[in-house]
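First comes the structure, then the notes that go with it.
By letter and in written order, the chains are A, B and C; residue numbering begins at 1 in each of them.
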Amino acid sequence: MALANPMRPYLGRLVGVRNLATGIKLFQVELLEPEGKAAFADYQPGQFAFLSAFGAGEAPFGLASTPARGPYLEFAVNAIGHVTNTLHTLDVGDPVGVRGPLGRGFPMEQLRGRNIVIIGGGIGGAPLRPVIQTILDRREDYGHLTILWAARSPDLLIFTEEFDEWRSAWATEFHVTVDRGDERWRDNVGLITQLLEKVAPSPQNAVAITCGPPIMIHFVFLTLKKLGFSPDQMLTTLEARMHCGIGKCGRCNLGEKFICTDGPVFWQYEIAGFLEGFL
Amino acid sequence: MSVRRAIIHQLREEARRLLSERRVDCIIGYETGPRGRVRPAFLYEPAEADRLVWGPECVHNLTTYLHNKKKPRKRGEEPPRIGIVVKPCDSRTLNVLFAERQIERGRVYVIGIACEGVMGRDGQPAAKCRRCTDRVPLVYDLLLGEPPAVEPAPDDWSDLERVAAMAPAERLTFWLREFDRCIRCYACRQVCPGCYCPTCAFERDDGLWVDMGIEIPQKFVFHLGRAFHLAGRCVECDECERVCPMGLPLSLLNRCLVREIEALYGHRAGRAEALTPLLFELGPEGSPI
Amino acid sequence: MRFTTLDRLKAWLDRLAQEVDLVAPCDVDGHVLYRPVSSSEEVLLDYERPELPAKDYLFPATEVLLRIEQRGKDVALEEVLPDRRQVLFGIRPCDAHGLAAIDALFLHQAPPDRYYQHHRERTTLVGMACIRMWEGCFCTSMGGGPTDATYLDVLIRPGPEGFFLQPVTPRGVAVLEGLEVTEPKGEPLPVEEYNPPVPVTPTAKWRAMFEGNIWMRHGERCLSCRICTYVCPTCRCFDVADRVVDIRSGVTRIERIRAWDACTSPNYRRVAGGHNPRPTNWERLRNRFLCKFCYYPEDFGPLGCVGCGRCIVSCPVDIDITEVMRDVAQK
């Protein structure tokens, strides 16, 4: 019965909770029911799921993990609303619910053999982590990997403890910037678009994948265009405060498109053709 | 030429002048729609001035639209200057919004109209007009029309008698029956010039005071809570009641509080540019009340 | 056509009220509304267009999706799908048409909405033809009409001395089984008055007008309330949240509910980060009109408007969908 109702979450338990950045925690979820485990056996980078904090409700999050790296689902959660603030009060052993996996993920098969440029801003880096992990785990399937990572300030950078793994991987370069540094910050200071212009990845056989605040996505696309990337070389994933994730509730429409079922991953040429913009 | 036609003529001339001299960027007034219904109108060009109308169908309190005009149309620009048509009752709203620092006096050009009263949905004089003591706006930059010869009728609160006569239990039953019809469309809140909170206390994601269900308990809390939030601020324009698609007698709630506040503090919202006596800062000495 | 008398119809309604949940037009403090009834005495048989559509009985304004019980770290979930049959009696043809539009998304677009589907399968629609078009109605322009039986299980047409019965579906035949029929007298009342037609423009033209200035012209006076969406027989947006029902001796009882939502409300499209891609009232109104005449038909087939006219009559600032339709057609 459970499987027949897409609004019913699978039961899960928190097996790990750690601070990722100021106001951002990473939640590791173990699914308890066989139906849930089966549903999440083979989810794709870029897909999303609803995470329930029972009593508060549920909210959609990009899955921040891959099935290849372990059986637990990971969600990076910024405490900014009711559900996310309630999630932040939970700890290991507490029950949660998970609904998904939902939406169209990144076309990882189609990206084989291509050079990949990852451009993540703030919490927007979370849905890009599974892309990085998938490439690093099947390194020979993909070309050169360039990672550009950014946040407003150093304390808001996520997955910092993984920077070394990314930096040291074969044929991989890693750059990081913050809008405003602090006294201990020794790396780049400036907007991610400035870093992008400085690093200037070649568009040759490349695909750029970005996620961040809407205004950042907009300017990253413009910068990529200047660097010679064409609309079929740019991917992003969009956000909305969805309530169903299955194309019914109406909340996430951009014109006739639904972010939940038509996306959340879109090529830039798709977005350019949308009647209604995301900005 | 009738008084009404004279006012319309003057109104259009004035609007044309204000827009062509760039004294204001937009004029908010009334026009007649294709179905013959009078409705709010927004004018930006002098050539549009002839759309403006005036008459007993001009029931809407247009000041609520000033909240949509606080931000500049383009980033970096100044917020727009607005010319707005107000009736005496609407002008009281301006006093409240000026006192609450919501609207800058210098950004609005107030076209006040001396008013003989407007009509309700039933074509009869609106309830608010039967108790109107003003007939001339309290705030204006330009006054159109002459103070009418109608006798101002003192407010005798007769509208409240039917609920006042009820025993508490009976009154509760009465209101629950009314709230049962409410569909929680928020039209009463949206039309209210005094309801401008960016996030309404009754529409919070965390459901702190009330959850999002469209059921009697939530509607009860919403309507009573809204009435309390307007205590000492409601100018009795009755717009909430007018727009309610389910015919709830919402002004009864507000008017009960209006009477209490007037009795306790001698304060009637909008008669002068003053804050509600229920809003104060708790200093070291505690409550000033 | 089958025929029955007022007495027989009332006897049948009284029996139905015993057997199923019977919903019918009632006079609720001077407002005509579809309400659950327990006797034919409460049922209006000569009435205007009810002020609210019938969708509330298939897509309730507030609906419990799940009951959640948490004991310590253990959670139990229970789906809430009450197993009751209902007959919606006296709904207007436009209301059935509206349900057909919702069906396109909630039934025919995979996956079906489990709750709506559950109610729909247990509902019989017994419609009552209109004897005139009411204020604002333009159903005849939207593929329906005052006597349109298409989306009903049974259509009843009033006559001078009784009611003419037209079963449309097997379910309609079944619901009429207990109704005693008799020799027809007279003819169904003709439709007294039709409203002028409204032009319906193909989706492509609405699409082409997205950037036009007509949206600000029609939408700047919009109050961003929810009247038009809640009185609409086809609007179906919803919100989902939890509410704690009680906490007692270590057990927290929670309901996951959904409630009607409206794309006209200011924060509808605001994203978690705070950005609102549809910040003004006129952009939100544009979305509502384009949903009805462009997005919904392109995505799911039917138009998102059946011409019931309720939004026109109930809008407090005279936003008139037919005025917009005429404007789009003329451009």
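Things to note:
As a convention for this text, a residue touches a chain if its C-beta (ideal position, glycine included) is under 8 Å from a C-beta of that chain, and two chains touch if they have at least 3 such contacts.
Note that the coordinates shown come from a computational prediction; the quantities given were computed from them, not determined experimentally.
With respect to chain A, maximal separation of chain centres occurs for B (centres as means of Cα atoms). Simply put, of B-C and A-C, more C-beta pairs touch at A-C. Centre-to-centre, using mean CA coordinates, chain A is 46 Å away from chain B. If you average the CA atoms of chain B and of chain C, the two centres end up 32 Å from each other.
For the pair chain A and chain C, the distance between mean C-alpha positions equals 38 Å.
For chain B, the set of residues that touch two or more other chains comprises 205, 207. Residue positions of chain A touching 2 or more other chains: 56, 81.
Taken residue by residue, chain C touches two or more other chains at 239, 241, whereas all remaining positions touch fewer. Across the complex, chain C is touched by residues 33-35, 37-42, 60, 64-65, 68, 177-178, 181, 183-187, 189-191, 199, 205, 207, 211-215, 242-243, 245-247 of chain B.
Across the complex, chain A is touched by residues 65-66, 68, 70, 73-75, 77, 79, 105-106, 109, 111, 113-115, 207, 210, 236-242, 244, 252, 254, 256, 258, 261, 263, 268-275, 277, 287, 290-291, 294-295, 298-299 of chain C.
The touching residues of chain C, counted against chain B in their complex, run 28-31, 33, 51-52, 61-62, 220-221, 223-227, 230-231, 239, 241, 243, 257, 259-260, 262, 265, 267, 280-281, 312, 314, 316-318, 320, 323. Chain A meets chain B in the complex at residues 56, 81-83, 85.
Within the complex formed with chain A, the chain B residues making contact are 204-207.
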